[in-house]
Amino acid sequence: MLSKIVRTVANQLILFILIFGLYVIAHGQITPGGGFQGGAVIVSGVVMLLVAFSSKELKKSLRERVLSIMESTGALIFIILAFVGIGTAFFYNLLVGTPIFGHIPPIGPNPGDIWTGGVVPLMNLAVGIKVVAGLSAVVLALALFSSGEEVEE
Amino acid sequence: MASLIAQSPILIIAIPLAAAFLIPLIGMVSQKARNALVVVSLVFVAFLVFALARDISINGIHIYTLGATSPDLTIPTGFMVPVRIILEVDGMSVFFSIIWSIVSLAAAIYSLSHIASETGQTRFYTLLMLMVMGGFGLMYTGDLFNLFVFLEIASISGAALIAYRTKFADTQEGGFKYIVVSAIASLMVLFAIGLLYAQYNSLNIAYLAQVIQYTTLDKIALALFLIAFAMKTGMVPLHLWFPDAYSVAPASITGMLVITSHACMYAAFRICFTLYGGVINAPVVGWIIIAFGLLTMFVGVTMAVYQKDVMRFMSYHAISQLGYMWIGVGVGLAVLGNPQLLATFGRDAMSGGIFHILNHAMYKPLLFFTGGALFHYTGTRDLTKMGGLAHKMKWTTILYMIGTLSISGIPPLNGFSSKILIYESVYQFHPILTITGIIVSILTLASFTKAFHSAFMGAELPEYKRGKEVPRSMIIGMLILAAGIIFVTLFPSLVVDWAIHPAADALIDQSAYINAVTGAIP
Amino acid sequence: MKFILGSGYTFWNPLIWIIVFLVVMVMVYFFRRRGQKGYKKGTDQARIFLCGEEVPEAEQRHIRVGNIYWGFFETLKEYYNFILKPHTGIINDYILWFVVAIAITVIILLIAGLAK
Amino acid sequence: MRQVTGLIALIVLVAFLVWGVLPPTMRDFGYPPSDMDDYIIENAQEQTGNNNVVASVVFDYRGFDTLGEATILFTAVTGVLLLLRASKRRKESS
Amino acid sequence: MEHIPLNFPFLAAALLVGISFYIIIFKKNLIKLIMGIAMMASGVNLFLVALGYRAGGNAPIYTDVPEGPMVLPVPQALTLTSIVINVAVLALMLTIVIRIYRHTGSLDSEKSRKLKG
């Protein structure tokens, strides 16, 4: 539990970190970045909250149970997206050419289009959910354990 | 059914993975449903594995290209190099995956009551399914970097499972040693993969085997591959982590870890025979493997006689048994360039080594399970505190005797039928190998007799008067493996013809593996 | 289906072995039948005689693992002192062996390459 | 003794690694052989509809690796939460 | 920077691996051991990503890319995968080390050792 100034600044700053992380996740198919990177950005915000407030404070809002549910859900979305194409082959990118995320960008240098990439943006989103939940669960668990209390069943 | 067979290589990997992702959600609802999911998915995977094995024995190598417009389209149309990740299943892979499916099913059933008194069972089963998936991927993939990824999956889940009983200090130490060793070995494997990619700009094993030239960099990469996988396998003098990790894990996990070390041995064979098979300096590498194998057999068994901790004692025996397989396959590698010698005794030696892998995968997990049953009954692993347990644990005693007779090569059990193949074929390569093998076999029998006497024989000790036989699911898990032992004992020639010779030929015949990828233009 | 496992020089057939084993068992039982008739359980002739000392209880008579094969280890003392030295249990030494093995293997492979 | 052995083996290994990555044995830095990668760079756009070629490699051409990578993260998180769990029945450490 | 002589990035990667091996072999502190493994992972990742560099190449992303060659995308994907893998390994290692310290009260790989022989 740091000083009031730090806590207030962290409260304001977490919003921008969240927006930036979501931007990195959402534009993974046209700009550098993707699910892992954006998720790591968001988890850095979680770590900032962990430093500003104590781990016990943060535990009230971030439950282990919710985090593990989120993580399993993200992983399941990922593997289901991989299974969708199994009519052709596992991991077949079958959304290319369809209206959802299916636009084909002009070949060569172009100013990018958010509705491209087939299943890639959805996989980015699933991986982003998974990474956010997983890494914040790890950080929270380590902080709680080193502050004396153990993770519940 | 045909489409199921066509998709089975990826289903065998993806079904345990999906189950592992589902288990945390289901475990919150009900524990019975979770256990049922574990067992049912493993049974279904075992069924798929056997169906795939039958299909491969008929139609040859099975190819699955991930993400292509058709699973057989290994190379994009109008291009010469495989781009996507390819799963390639031949006789060797499917042989190992049969072992892995049986042992993982037995281990899962065994765990149901072995860890019933512990906390955190949901995550335990999640990691168990992830370990199963990692093992299957390691055996099926035809892509080097993908092999590294699955190696890491198996290692991390294994380390977390070794350290499962967190209330003891030694379990944490064993898990730490295992993960440090695995991380360093995997990083060296990755470095070697980078060395190969730098020269040939490909990661596909078949394509690399076609274009590889055995330059200096390839030699350094071969050494890194060989020693890294040998360390994961537990080859003397890199075996030191092996008993520390295996003796502290829950017994079901120890049984599975034995097969993961066999999977790393499979990766080493795949590298030596398939990737470098055309260009390798076979006698030199074969003699390196044989020398390490002799050391492994002898040091392992002599250390085992000395032990007083039952799981440690069995771990050292696992090390010494690995030496037989190294010697058998090493002799085959040493004469790989000479078709006449290969036909005379090389193929038999390799068949003996691979057959011994099958037998060892049956009786060593069985022995580890009985050791876990002793721990479950007495609460200790120390043999000096045990005695007279045969009065209470009748099933465990019988199963332990089956395992003991089998591991020490007493006829008619299956250990004998693989050892006789190894002895007679290896003798023509160099007699000292057979002599060492027989001495090691004698010492094995002696040490297991000692353990049997001190644990089961004698009058009933007062501290173990009350208490009853271990729960039923542990017995069932052990009986599955015992049934496998009896089957291999009664029909050795059947197993050799249907499973062992195809595996050995798949190792020897490098061109089939290559043509399956680079020759398959639809 | 055939049971014979041929390795080119000999064969191994579990059924024949089992049959021979059963025959030998029958013979052994036959010889045992012709043993002493005067043996009676529970009488003095079944008790252990230890030079007149009284015999300890069965629990104390159990030989613990530490005492088995004492002569074996006594004979091979030098070997075990030598072989137990590397088994330090320190993780750093494990990695040291790893590096040593890689170095030796690389040297052997490169020298063999030069010779070829 | 241990120090000497370790240093000698380490020096030998590092010498071989350094010798291996220097020009006579290793190709020049910046001029890689690139059949597979050229194919990916040319065809990534119309095959996967991605501007970001790395993303198309990560999620389409080598998507299975990424699945394994996500699995490894899942494994590590599960392992960490498993090892940091509260073990109810306390015993003395053996 | 058209042509870097003497493969300096590869050289740096090899030396990083060597230094981390020195740390892992000769430092008894478990945390330092883990630092050594992290350094080795960085060295291998540097080697992988340096394999993909093409002289004067741009990032392989077609969004408003200037004309010219592109660096190879596959090594970047491999490096991304390998970085995440090493993060996972380090997290698990640190967890086990915390447990070991709770049990034995020591971080020395020789004092905190219970399994031997």
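Which chain is which? They are A, B, C, D and E, in the order written, and residues in each are numbered from 1.
Keep in mind that, in the parts below, a residue touches a chain if its C-beta (ideal position, glycine included) is under 8 Å from a C-beta of that chain, and two chains touch if they have at least 3 such contacts.
Just so it is clear, the structure is predicted and the values come from calculations on it, not from any experiment.
Shared contact partners of chain A and chain E comprise B, D. Here the chain-to-chain distance from chain B to chain D, counted in touching steps, is 1. Pairs C-D and A-B differ in how many C-beta pairs touch across them, and the larger number is found at A-B. The chain with its CA mean position farthest from that of chain C is A. Averaging Cα coordinates per chain places chain A and chain C 57 Å apart. The mean-CA centres of chain A and chain D are about 21 angstrom from one another, to the nearest whole unit. Chain centres here are Cα averages; for chain D and chain E they lie 8 Å apart.
In whole angstrom, the spacing between the mean C-alpha positions of chain C and chain E is 46.
Shared interface positions of chain D, defined as residues touching 2 or more other chains, are 6, 10, 13, 16-17, 20, 26, 32, 34, 36-37, 40, 45, 51-52, 54, 56, 58, 60-69, 71-77, 79-81, 83-87, 93. Counting partners per residue, chain C has 84, 87-89, 91, 93, 95-96, 99-100, 102, 106, 110 as the residues that reach two or more other chains.
Looking at chain E, one finds that residues 17, 21, 24-26, 33, 47, 51, 61-63, 72, 74, 78, 80-81, 84-85, 88-89, 91-92, 95-96, 98-99, 103, 113, 115, 117 touch two or more other chains.
Interchain contacts (touch definition given at top) occur between A-B, A-D, A-E, B-C, B-D, B-E, C-D, C-E, D-E.
Residues of chain C touching chain B in their complex: 1-10, 12, 14-15, 17-18, 21, 57-59, 61-66, 68-69, 72-73, 76, 79-80, 83-84, 86-89, 91, 93-95, 97-98, 100-102, 105-106, 108-110, 112-113, 116.
For chain E in complex with chain B, the touching residues are 17, 24, 30, 33, 37, 40-41, 44, 47-48, 51, 72, 74-75, 78, 81-82, 85-86, 88-89, 92-93, 96-97, 99-100, 103-104, 112-115, 117. Residues 84, 87-92, 95-96, 99 of chain C are the ones that touch chain E when the two sit in their complex. The part of chain C that touches chain D in the complex is made up of residues 93, 96, 99-100, 102-103, 106-107, 110. Residues 16-17, 20, 25-27, 32-37, 39-40, 43, 60-65, 67-69, 71-72, 74-76, 78-83, 85-91, 93-94 of chain D are the ones touching chain B in the complex.
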